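Heads up, the thing below is written out as structure tokens.
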Amino acid sequence: MTKVELKGIRKSFDGTEVIKGVDLLIEKGEFFTFLGPSGCGKSTLLNIVAGLEEPTTGRIYFDDRDVTDLPPPQRDVAMVFQSYALYPHMSVFENIAFPLRVRKESHHVVEEEVRKVAALVGLERHLAKRPSQLSGGERQRVALGRAIVRRPRVFLMDEPLSNLDARLRITMRTELKRLHRELSITTIYVTHDQEEAMSLSDRVAVFHGGRIQQCGPAIELYRRPANLFVARFIGSPPMNVMEARLVSRMPPVVDVKGIRVELARDREFKDRMLAGIRPEDVELSSTPSPSMVEAVVDVAEPLGVYQLVEIVYNGSRLMVRTELEDIRAGQRVYFKLIPERIHLFDPQTERRL
Amino acid sequence: MTKVELKGIRKSFDGTEVIKGVDLLIEKGEFFTFLGPSGCGKSTLLNIVAGLEEPTTGRIYFDDRDVTDLPPPQRDVAMVFQSYALYPHMSVFENIAFPLRVRKESHHVVEEEVRKVAALVGLERHLAKRPSQLSGGERQRVALGRAIVRRPRVFLMDEPLSNLDARLRITMRTELKRLHRELSITTIYVTHDQEEAMSLSDRVAVFHGGRIQQCGPAIELYRRPANLFVARFIGSPPMNVMEARLVSRMPPVVDVKGIRVELARDREFKDRMLAGIRPEDVELSSTPSPSMVEAVVDVAEPLGVYQLVEIVYNGSRLMVRTELEDIRAGQRVYFKLIPERIHLFDPQTERRL
Amino acid sequence: QTEKREATEETVTIVFKHGKLAGGPEALRAILARFEAENPDIKVKDEVLPASTDEQHQFYVINLEAGSPEFDVLSMDVIWVEEFARAGWLRPLDGIFPPEEREDFFAGPISAVTYQGSVYAIPWYIDAGLLYYRKDLLEKYSMPVPRTWQELVSTAKLIMEKEKDIYGFIWQGKQYEGLVCNVMEYMWSRGGGLIDEDGRFNALKKENIEALQFIYDLIHTYRVSPPLVTTAMEETTRHIFGSGRAIFMRNWPYAWKIFEREGSAVKGKVGVTVLPAFEGYSSAATLGGWQLGVNRYSPHPEAAERLVRYLTSYEVQKEMSIKMGYRPPRRSLYEDEELRRAQPFIVELYPVFERARPRPETPYYMMITQVLQPEFSAAITGLKSPEEALRSIQRQVEYILKLEER
Amino acid sequence: MSRTLKKALNWLVLCVVVLWSVAPFVWQIITSFKPSAELATLPPLLPASPTLDNYISVFSDRPFGRIILNSLVVASLTTVLSILVGSLAAFGLAVLKPRGGYLFLGFVLTVSMFPPISTVSPLYIIIRELGLRDTVLALIITYTTFSLPLTIWILTNFFRSIPRELYLSARVDGCTSFQIFYRIFLPVAAPGLFATAILVFIFAWNEFLFALTFTSTVRARTVPVEIALFPGVHEMPWAEIAAASVIVTVPVVLLVFLFQRRIIEGLTAGAVKR
Amino acid sequence: MKDRREGYRFLLPAAVVLLFVTVYPLFYVFWLSLHRRHLIFDISRFSGLENYAFLLQDERFLRALWNTVYFTVLSVGLELVLGMVVALSLQRAFSGRGIVRALVLLPWALPTVVSARMWEWMYNTDFGIINYLLGVDVNWLGSPFWALNAAVLMDVWKTTPFVALILMAGLQVIPRELYRSAMVDGAGSLYIFWRITLPLLKPVILVVLLFRTIDAFRVFDAIYVLTGGGPANTTETLSIYAYKVLFQTLQFGYGSTIAMVVFLCVGFISVFYVRLLSR
């Protein structure tokens, strides 16, 4: 188990800065995720950790040892790519054995290790096949096997699940999680899928524009997003964001597009704010009630256990998630905001208040 | 608004039958979806409706008129493809104008119509750009605009959202739904994504192996899947399927891997059955209760409002969806199956009982 | 000196380059075998060059220029010897080819192998343009063998009118060296030529214009020559004549033997004579033929010289005449009884060879002919008027000859 | 229906195209079986008394076997060398992406447009000075060079289409660049290498200008030169030329039939991607 | 970064070979073109631009230039049109397509020399199959009018397959969906061809034109073997002229001058197309 530390990492390609200063401490055995939209520099940072790219400035430490100038092989990391990067001309066995062969391990060791790993990832029956003869999930497993076989100090995974179909992704997710528990190797995982990040990670760092926006346990990011970007990025469907005005300080009451809500006193406020309301944090009802506001359903999308409903009130639209089953487009409904679940942001800095 | 009817459609490519007899009636103005896994023949059927493929046998009627032998231009349908099929050498304006130009509409008409449609799909500011300069969602809109501009009798859409990222997909879904409400044109929609199908459609036909497995409103398919395939295909994460034995007929009690559940009397039974239990239909608790069974959490994936939890009891695994927040891997939990939500299937025919 | 001794101790192999010979490789092989028997210290390897003389020339030029010692004896067209001698690639053969012996040879080839007073090759066999005619047809219409070009035209026209599907007069008009040979014959037989008495190059003169014009007229005005002659080479015309489809043909002597073979369509119907001339001038034939020389870079010059001597000896030339139909350059052979009996046809050609004229004798001939060929071709196809063509020739050749001045 | 009409038209064009492409070659084959006496008579089209004489005399009168051997040696060595040097460069360009790689590629493309006639005279002088005249080595060196641009261009495209992750992955697994080159990229690009090799082989087998200039004897003469310079007295021995042509086209025809997919892949790799 | 530096080592062998065998000779040929150099008689003297001056009044050169341009324009034009027809008809999948493609590829793969010999024989006035089949008596290679056109025909035969195959590959890159979409939108096949296929194929067409124009412009072996440049130099192209001057009489000075001109022309052509392409 290795502790990974990044200090002041910056990286420019041809004059444009892609990573704009990253400091991170990843604990021993942690499952740590870089989450962010496409092009935000996640892969670049991962490659820097692997030693495939050199940072423009900044240092990388593995267990307090500076590895910034070490080439990839000497860092003893293993990497799994989105495209799996399986060697198409080698059998599954040879693919898994490759890192050992490069290290010139004896035949005996190779044979034994590969079999052990193959059993671990459930590929015993496929060792003789070529990657092209495998299904997506099996290929994925080969890539994992090849990473595991080296017993590296750190696992690096760059969107390893995003080539799989939705269903398989869920299965593999669970498997990844189980593997990590069994091997306890420090893992850095890159994804742009917030659900994946939340379901897998001990901690998540949300990236945007080359900077870390927030870093912490997934549930923390969901509950207390540090800024508007994180708020919108985490949670599906995304948070509704609306303008809010402070109408009274004592007790604190905000007006969200005509709805007045009294908030807890220990919060910070500004005169004009942005209110973030998750679709799941709106209470909906098909019968009127005095504490509730009337609205009309514009679009209703039934999704099994729950429905996504877009309601219109006062000219504003609000996405609501409800388990009520009898909601139809055009219908009149009643809703209420849950005060403690309203997130407030500074409209200038977009920071959480 | 046009009614579309398919009668006894079969289609073979080089001797292998891809569509094995389809009969369907799609009502005027309906939003109808073909749902099914990859390769099941959805696109082929859609192409047959468009006139791009000839059925091997069977007839197609638009408003009771046989159009089977009409070439695509005379059927007056519009089609949106997964790849959008935008003409890369034409501007957005020209792309949208293309169907009108083919019809040799006057410049005046073209100009006016294109502007109108561009406004409808929100592309006014992009008319001069080339498709390559647009984002995924904007391209999607161009494709829609090009389909709308003709005011066709039927819209055909072949996985129009699957090239978009998850977030944009949700947005575009809502927009599609709204467009359909405004234009009220009969729409046939193809997708392999059950969530998309459920959220968009008036009715869904689930395809598998060239046959319709079940056809009806989305919520119906979710609640009363006609067979194991539909049961597993609809709902995410997929239904848990376990063996069940009938232990008593009066009152009907089934044994699901050691858990005895008493069911309603009006259901059909067999001695050996398959029980389908949706993850959301399991009641979970962290405190013991006499009516509940003890289990251990193997994997827990927090996903914001809810968690996906894999629990192990009696050597069997069960995926459970819960809104409880304090569940961790390794923890002891207690669960109960909700009798009226247990789906039973014949293990031979895989039909619903 | 020492080489001689060496030669007796070990055998040397010398390489003999030549064009493909009539009669297949065996005939020459037999001759060489006898040479090897007589000279046990020498082995001869004979190697065949490409068909076209231009390509043979290119082969020699490239190799000799590079100082290649890879062949010892080379056979050369008459027009190359001066060029090669001037370039210093040939071994002077004055020693083995004394002036007394040269007396016995025809004057044309001797002059072709002489450069600045020395001889650089020994004539091997000789060629000259001839007129072939259909004896039977002339007899049938009781026409005499034409002595002038005008007679040839009128005779041909007359017979062509009577006989269906027959060409009047065919010759070699493709753009290649053969065309120059043909054209020169008309120029000479009109009193013209390219080199003046004083040795100056002078193409643009009345006689030459008229000669070229006449050739053009043969095809386009009198129509006794079909347009195909403008692409014809020797074999093209030989095939046509040999299948009985032409009355007159200009060609080299080799064709005769073929016409007289069993199964030939014209066997016994062919006559041969000197080429016609223009009224008031005397006939002329272009000298052709091949000479043997020794590569200056040959590692075995002595052995090579012996082979040259042998191949150009009276006996071998006689044998080649009798067995392969090659025309000997030695006058005395035409008196030889054996040859007279075996090849009466060759012997009859004596007057032709006596009068055969070499093409311009200059080291720059190959450059000049590159100018002549396209220009002549242009003139006979009507692409240019004769005068234009000759003027253009004059200008280009002068640019070439400027090389000489420094 | 118009669909069937369209299909029929398509078939018609197809037949015409195939006929047009093949007919001259078929005629050449027919000619090669004609005894020389039949050459000069046109009907009948087919030889009345087909003969193998032409094939026999090609080998017995000429050192044709040796010349084919020369061609084989030249073409195969050129192929090997060109692929070797070319794939190294292509790997460098496509995978290691050195600064200025684009300039180099541009340079390579420019070189590919050099007309051979423009360099043949100095090359001749150089080769003569090096004493390489009339050796297969001279041809191998020039052919390798002149096929390099094609090789580099195609292989760069092939290497580019290999996911970069393979490179990164092998790097992390501990390979050096050179190991990655031969352990991963060469095997993975094997189809591309093969396609390129065939193209280079065909190029070297068919090349004429340099062969004509740099060789003069059977020691190094190659097949096209031999056919162009076929010796004859006064005229072309057409039937023998036909026989020789048929013989030397056999390897090419075989390659084309066996590997048309790959050839087309190689040919179009440069033109269509990008 | 280290990769990048390492990259140069991989480029080195190719760079050395290319520099030594193509670039150096190019400078050398320029140097030669400034000389009166005659290898046979060992004459070599610097003459500045004299050769270039003579070139301008050398009718044979102007004629060769014209022949080359005529040959290039006509053959490339025909090949493009025919190639397009073939490409369109071979495009759709049918059984036996592999064999058909191989057959079509055959002319391209044959040694040029062999195909020149083949056509020379077919063009033969007396015994040629072409005259026989057409029932005419045309002197294809002998008449100044036909000879160059005959060479064009041969070239068209030989390289149309190449053009067709590249265009076909270009067609295959165009997504089928575009055609389908246009069809559903009501467009007929001709309309689709002009408005969709052709514009999308433009880059490929330009690349093909570039390849072919350059190849046709430096044509050598095909015509050299077919006609040798005759009759009356009506088929003599620049390359043939240069070659004859260079190697039949070893005039390396003047020959190099012509070779230089070929190089410059090809350079201009490439620049022209590359401009078009990069637009």
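Which chain is which? They are A, B, C, D and E, in the order written, and residues in each are numbered from 1.
The criterion applied here is as follows: contacts are C-beta pairs under 8 Å (C-beta built on N, C-alpha and C of every residue); 3 or more make two chains touch, one makes a residue touch a chain.
Values in this document were obtained by computation on a predicted structure and should not be read as measured data.
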| item | value |
| --- | --- |
| Third chains touching both subunit E and subunit C | D |
| Of B-E and D-E, whichever chain pair has more C-beta contact pairs | D-E |
| Rounded Å distance between subunit B and subunit C, as computed from the means of their C-alpha atoms | 91 |
| Subunit A and subunit E: spacing of chain centres that average the CA atoms, whole Å | 57 |
| Inter-chain centre distance, subunit C versus subunit D - centres from mean C-alpha coordinates, in Å | 40 |
| Separation of mean Cα positions, subunit B and subunit A [Å, integer] | 26 |
| Touching two or more other chains - residues of subunit D | 40, 213, 236 |
| Of all residues in subunit E, the ones touching two or more other chains | 126, 247 |
| Junction residues of subunit C, two or more chains touched | 62, 236, 239 |
| Of subunit E, residues touching subunit D in the complex | 3-11, 13-15, 17-18, 21-26, 28-29, 32, 85-86, 89-90, 92, 98-107, 109-122, 124, 126-127, 129, 132, 157, 161-162, 165-166, 169-170, 173, 203-204, 207-208, 211, 214, 217-218, 220-221, 224-225, 238-239, 242-243, 246-247, 252, 255-256, 259-260, 262-263, 266-267, 270 |
| Interface residues, subunit E side, partner subunit B - complex | 175, 177-178, 180-188, 191, 196, 199-200, 202 |
| Subunit D residues touching subunit C - in the complex, by the definition given at the top | 40, 61-62, 128, 133-134, 213, 216-218, 229-236 |
| Contact set on subunit C toward subunit E in their complex | 54, 57-58, 61-62, 65, 83, 86-87, 174-176, 227-228, 230-232, 236, 239-240, 363, 366-367, 370, 373-374, 377-378, 381, 383-384, 392, 396, 399, 403, 406 |
| Subunit C to subunit D touching residues, read off their complex | 19-22, 24-25, 47-52, 55, 59, 62-63, 66, 68, 70, 233-236, 238-239, 243, 252, 254 |
